[in-house]
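Presented below are the structures under discussion, each in the form of structure tokens.
Paired with chain B in one complex and with chain C in the other, chain A is shared by the two complexes that follow.
What follows is the complex of A and B.
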């Protein structure tokens, strides 16, 4: 099990992968919007998205959990 | 036994290092014997070795646990000190310390690089009065390192532990390469941490290679094997002159990597979209010449040595792919040290700018982002080597300043045709100026009002307007960046300036 966390504070702009989707390491899972920039948050391991912990529009702090990969 | 036989026998014994069981234990951990490491590091092994017989009267402390000498790397003489962890875990006795001091002083006298191959348990407590507190005690090693710093390249390859005071050897080197799984640095061991402060933690978590190369930033390069560490050191040194008096050597390999994507295609027009700056760098530099420093740390900024048309260059580039390329406390620190490294050894600097600014918010203010950002500005400002800033896409706020903006005496500021230079981006600016008006407008009118103001703002910061005001020195075709840089670096090559007259600045550390 691998946690994906926000690399910096910002708003969840776009959900790219949903629960149940297969992802490989380096693939974007969500895109945050912060400092007026799109901030891609990639998976750091291969697996399946077991749980998505955010919705579009949510504010996340640096280090907050975004998804769990299994 | 004849004198000759006795000599040969003694040499043979000492060359074997410590007891067989320690050799076996090292092999199990993937660690090479110190003499094997040196054989791989140098073009053809060590040429000379001093104090080989150090502490030979003790019988069981061959060379007193450290090998010191000089050999050639890429044809250049380089000093080395290498711990032998088969001898009392590489711990330091009186003669160990004296040997290290002498090879450092040789590096200082000859003005040639020095490499520290560290694999040591630290001080030999039984010898502490002789090796710890005095004028020629271990403290002197660090004093010498500080004196050597910026005069000759100093490199640390960390193959094992570097404990307590010993952990300052890597700290004072230009670059520290750590072997994952074996290398560690800490002031107090996990056992001591548990005893003294009640913390339960593993060695890997507290002082392991991965932690130091990704979190603390005390390590610079994370590798899997000792061979990889040695190969990195040999390649890295190829970008450096032997000392600050000389220029870096030139390489004969001068071709750029073939690619199906041009720089124009690599950089998205939309200012807010992410892209991978490494792809752009590869279109500017000679093929396979990028050697990143702190690749795994503060990845929103890339710092690396490379060659352009065979000449060394130090690249500082924002990475929009990570954290939007925004500058943080760690990225500012990373840049500050790398800029100093290049400036010290006459390596020209290239800033590839695409930065939304420094991070804002409570977290970074509490971390002292102003103080950390000031370090980056100070070292960039003080750098007197040829310095070129390329505005790839955006340069907002203090980000422009930190990336060798026009006010900091770069030799040139070049902009791509879609570059934006401003105190802040259009979205933020319109919000800052018109927040109250926007809030007062009926909802259906807001978007049109915002768009109108943003467009007006974009016109105001138009790059041709900035070129007209001579803020940028030229607007260039992105696909001709490499040619432009080759010409400019050649012209600026003999630049020789003193930043200002004084003893030294009061650094914003």
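What follows is the complex of A and C.
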């Protein structure tokens, strides 16, 4: 199990992968928007998205959990 | 008479507008979000009103809330600054409806220049040279491939409603165009609500040089010379200077005249900027028009001695331009560096709290800044937190002052681009005044990769 956390504070602009989707390491899971810039948040391991903890429009702080990969 | 100006903006530009209001004896009214409660511009304004939560749609991009305050406090004019509603025709129309003056051009011209394809066509009609490209919006990839063949690679793929470099990309061959067209179009649709694209030939080794325009409501228009803004990262400007060290006096004069001709052709009013790409042979091509005050207006103020915010207010007040073209003189050389709260290597934003600050002081140094010590840079807005502007009698003197100032400039607690600025101004090509839009890629990136 691997947690994906926000690398910086921002708004969740786009959900790229949904629960149940297969992802490989380096693939974007969500895209944050911070200071008018898109910040892609990639998976750091291969697996399946077990849980997505954010929705589009949510505000996240640095270090907040975004998703759990199994 | 304009007596009470509501500033529908934040940060350094709000502080800048307040400064001129104070000098002119006009009441300045700030509006702010939760995140900006403690911001210097809120404290500097004569009056300040909370709009709402930090997110822009609850505050700076919430038209209803802004007009609620404007009416409640009986503002007689709104200055939109740059970004936010500054180039929004609907906001402009709303001002008219509410009987509040908008400090900027008319809504028709905002709309016309805001659509990159309409802007191009208006310039063609005004005999202003444009970059060879498509005359109509392109919505599908096959169409794009056809046009690209006609124009010739490399091309610039751009969003019709674009801004801030979003949806914009250099494309070097057909295969690449097929790959990127749809994703850029989708991004444009997401950001601007319009997925239309257009293509232009990519001008190699281009300089980005722009002409500052002032025009009143009586058909008078003048230019305040040029600015060179070639040094950019992520298609956004980082270092700007006036006058351009690249073009000859002959080209300078011609470009200024072209700028005035363009402004008159579209019946422009207030302050505006016409951006050009200039190739190695000093041929220039219309790129776009910004129908607002620019971030980099201070370099023009420094060399002309004209307060641009004051001129904007006077024009909106229905006054005639107080000078003729031949009365506008320039003197010396000015350079601006934008201070961004961002990682100087990857250019990613870096919000956080500024713990301490050291601002360089001395002759020819000006600070237009949003921050103080203990200021919180929040993730909600643009990462630009201020500008350092230097002036010298000559470009050489200005560059020396800039190097010295940057060496003494310190912001602790967050990452900033100060190290990037210091390295960039030390590059020989910058010292020689030879700065093209490839500057960061050609000189800065290799420099940091080495170390």
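By definition in this document, the second predicted complex is superposed on the first by the 70 of 70 C-alpha atoms of A that agree within 3 Å, B and C clash if a C-alpha of one lies under 4 Å from a C-alpha of the other, contacts with A are read in each partner's own complex, and residues count from 1 in each chain.
By definition in this document, a contact is a pair of C-beta atoms (placed from the backbone, for glycine too) under 8 Å apart; a residue touches a chain by one contact, two chains touch by 3 or more.
Just so it is clear, the structure is predicted and the values come from calculations on it, not from any experiment.
Judged by the touch definition given at the top, the superposed model places A:59 against chain C, while chain B stays out of reach. Of the two partner chains, neither chain B nor chain C is touched by A:19. Within the superposed three-chain model, A:11 lies in touch with chain C and out of touch with chain B [touch as defined at top]. Touch criterion not met for A:70: it reaches neither chain B nor chain C. After overlaying the two complexes on the shared chain, residue contacts for A:35 are found with chain B and with chain C alike. Of the two partner chains, neither chain B nor chain C is touched by A:51. Residues 8-9, 34-37, 39 of chain A contact both chain B in one complex and chain C in the other. Those residues of chain A that touch chain B in the shared complex are 7-9, 34-40, 61-62. Interface residues of chain C, counted against chain A in their complex, comprise 55, 164, 190, 234, 341-342, 348-351, 378-383.
Only residues 272-274, 320-326, 328, 356-357, 359-361, 363, 425, 427-428 of chain B touch chain A when the two sit together in their complex. By the touch rule above, chain A contacts chain C in their complex via residues 8-11, 14, 34-37, 39, 59.
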